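In the two assemblies presented below, subunit A is common to both, partnered first by subunit B and then by subunit C.
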Partner chain A sequence: MTRSYYESIARARIAGLLDADSFHEWLSAADRVTSPHLAILEQPAAFDDGVIIGQGSIAGKQIFIAAQEGGFMGGAVGEVHGAKIVGVLERAVRDHPAAVLLLLETGGVRLQEANAGLIAVSEVMRAILSARAAGVPVIVAIGGQYGCFGGMGIASRCATTIIMSEEGRLGLSGPEVIETVRGVEEYDSRDRALVWRTVGGKHRYLLGECDVIVPDSMAAFQHAVTASINNGDDWSLEALEREHQLLSDRVKRFGECKDGRDIWRKMGWPDPDAIAMMDNDEFLAAAQGRRAKQTVKVP
Partner chain B sequence: MEWKKVAEQMFPTGHEIKQYGDLLSGEGRCDKQTVAVIGTTNHTEVGVELALAMGAAVLAVIRDHPGRPIVFLVDTSGQRLRHRDEMLGLNGYMAHLAKCVEMARRRGHAIISLVYEQALSGGFLANGMMADVCAALPEAEIRVMGLAAMARVTRISEERLTELSVSSPVFAPGARNYLKMGGLDALWEGDLSICLKKALEHIDSTDHRSVNGLERGGRLLAEPVVKRVLASA
Partner chain C sequence: MTMENLKYRFDGGKPTQGVTSVVGVLGSGNLEVMVEPAALGGACEIEVSTAANGFGTIWQAVMKDFFARHRAGDIKISVNDAGATPAIVSLRLDQAIETYKGKHK
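This part shows the complex of A and B:
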């Protein structure tokens, strides 16, 4: 068992996933590229604005990478943070690396710079799709403690592939936001099992919202990233129409379900509560044929 | 403004836009050109069904009317805040819609959006903000979050936020702030049919928002940071 992805900070994830000593950072802390909007609100800035970008190699393949640091403002996207990610993706359109790897850990738009953050997330979305249209696969990894939410939850699904661990969480509105607006009867954000059945890695894998699920280890993420690079991309109208069918079927089959368990039962799991206890291999074996979307398997 | 009034002003020679629940769909004529119209109304929340229906409408235009411009009429109070929609993967449905819009653009469809009432965060990202030309009526409300809610989350007093919003376009709601930051191309005032015609004549399918934000003085670092990444050794 190698180190936990969940427990690691962004820089440790980069070091853990890329080939030894291959990472070269762009706009490093020494360049002092910080948010221009935080000082006026008396908020501390970070010299990388919460995202580390650069290039390196993974299994010998040249890739570009951006890694969000959940420890700084929950990985939230502000003007500079977003522009750094957009820069990586635009550079990919120009230079054609084997892939762009996005290690996402974020609550979405940084409210302290709300308008700039929202526009930045939109620019990230368009830049991801531009990279894909230029033939560069964009691979997202989600497995940190803050999950991937808000507009970046939408951006992540614009990518070619999403790799999650069971501990990863992916959604649009976070549980706290929904509870605050609609009340605890709608969504109890402190019920961890409920949150996991709603946005957790296994549920997302079963729905087809993520493509690969891995155990929480650096080696497992690395293996999955390498396999995903080799699988390439399919940015085509036909692929989009297939996705449309999948999403239509999902609403038809599961639109009346009240809980993740109801969905899993409809998928044919005799004992939905057993899913939480399965290790990754058991889960993958049992998910065969039940999952809503069959995609590439990590060998 | 009500969508019917917007549609009448935008398409004085006629349109066939129908309302299905909170979804708007149909077509209008701009000079001799027919444009597809897709939108929402009633300040609706965008949940999985509505996002999927808009995606279906975009795919239908790509299939049945190659190259036809698409106009989004935006009025949304944001993504639907429900446990059920999150459980079904609302972010994935929103992303699907965004991908449909991108696919249309790359197959030669001009994409124009007009915020005629409200646009909030998640409901705006997947359609309006994906457009080549994103416009708003001057009285339209565009925001991520109101200042009162923002004060609660950021623990900065509402008075302080209100005070700062006078000099900074960065967090206060409002179409003019989005214009200054490059998030909007223009405010449409006067004859909407002329605004649409002009927009269709000047389609730039590259993302020019950070350049506009820099030129207009509202977002000074986004474009220079992108350029620095491109130039990094």
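This part shows the complex of A and C:
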């Protein structure tokens, strides 16, 4: 089956990735654990506050999962939404599942919930690191319409592994935010090619922020998640120092670049404009030896 | 932005077995619908929370039409709406009741 991950809602992603009938939802819709803030603002609140959490199995391995629904307020993190994700990760510290899978699709903090949302995102970051410290790999998948931005962009980079499709986007400030703050001359958020050259899946893969890039299909995401669980987590001091070294090298090498194209040229791509048109297999073959970071995997 | 809460009750439906189900997403022009079993003596209760104020009579007509088509009783339907059109609401309600019944084995 080649069902699109991008086009699916969060509940369909859970059903599509996990083993059939293995998902058990925590704080289900019927429990109505909804946002206390939205009602005060006279806005309807979703039954699940835009994130579905629970446990299930993938390729027979017991995992915990949280899936953000981008269609509800752009997947934004409110107080309850954030607490649900934190709860999943803290439970993982206690129960040691094979992994925690975070299907992220979010613009970041839900502005209607202001400080409560900001605190929630920082708690998610801490909880991701706690789970990893307890030996539970945290795997992030990004491949939805709204991308993964704001504080959750930072949170995703605290995870063990990031899996993206070309369609996925990962960043801190989203394109519209950059344009609003810096002006359209600096960044035109409606220039889709520019947006994908700076925050899209292929660029994130080449920079090494995304570890695995897959075509937009449920089967491809499922396969990548399973492989990532088996790869485990390198949480050693050496791995962290290596990462720091890569980041400082990156600033030195690419600090002056204005566009993804400039970076790709410096990486040795003879024709950077051809990258956008490559399918996933062509791209992976061509990217051999032309990434800022070659993925180091634990044996 | 104001929000409106609407309640409807239709009596005389067929008791309908199923498993609590949610369909749809509370996104712009869309809605989410939850169907739950409820011992209501054959009645169907519907609660709507909508971002679009002042459309009570249209909701009434759409819900009446839904009940006339399905005659589903002993269920509670909860709707969170972000400005879906009546046609979308009808389709979601059909999807919701089919999902609710389909999961029941």
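Operating definition for what follows: the second predicted complex is superposed on the first by the 294 of 299 C-alpha atoms of A that agree within 3 Å, B and C clash if a C-alpha of one lies under 4 Å from a C-alpha of the other, contacts with A are read in each partner's own complex, and residues count from 1 in each chain.
Heads up, the rule we're going with is that a residue touches a chain if its C-beta (ideal position, glycine included) is under 8 Å from a C-beta of that chain, and two chains touch if they have at least 3 such contacts.
Please read these numbers as outputs of a predicted model, since none were measured by experiment.
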Subunit C versus subunit B on the shared subunit A, clash or fit after superposition: fit
First (subunit B), second (subunit C), both or neither touched by A:Glu209: first
Partner chain in contact with A:Gly150 - subunit B first, subunit C second, else both or neither: first
Which of subunit B and subunit C A:Gly255 touches, first, second, both or neither: first
First (subunit B), second (subunit C), both or neither touched by A:Arg11: second
Touched partner set for A:Leu41, first subunit B, second subunit C, both or neither: both
Subunit B versus subunit C as contact partner of A:Glu243, first or second or both or neither: first
Nearest-approach distance, in Å, of subunit C Cα atoms to those of subunit B in the combined model: 7
Set intersection of subunit A contacts, subunit C complex versus subunit B complex: 41
Touching residues on subunit B, where the partner in the complex is subunit A: 48-49, 52, 55-56, 59, 62, 79, 81-96, 98-100, 102-103, 106-107, 121-122, 124-126, 129-130, 143-145, 150, 153-154, 156, 160, 164, 168-172, 177-178, 181-183, 207, 209-210, 213, 219-223, 225-230, 232
Contact footprint of subunit A on subunit C as seen in their complex: 1-3, 20, 22, 25-27, 30, 32, 34, 36, 49-51, 78, 80-82
Subunit A - residues contacting subunit C, complex: 9, 11, 28-30, 39, 41-48, 69, 71-72
Subunit B partner contacts - residues on subunit A that touch it in the complex: 26-27, 31, 33, 36-37, 40-41, 53, 79-80, 82-84, 86-88, 90-91, 94, 109, 111-123, 125-127, 129-130, 133, 150-151, 153-158, 170-173, 175, 177-178, 181-182, 186-187, 197-199, 203-204, 207, 209, 237, 240-241, 243-244, 247-248, 250-251, 254-255, 257-260, 263
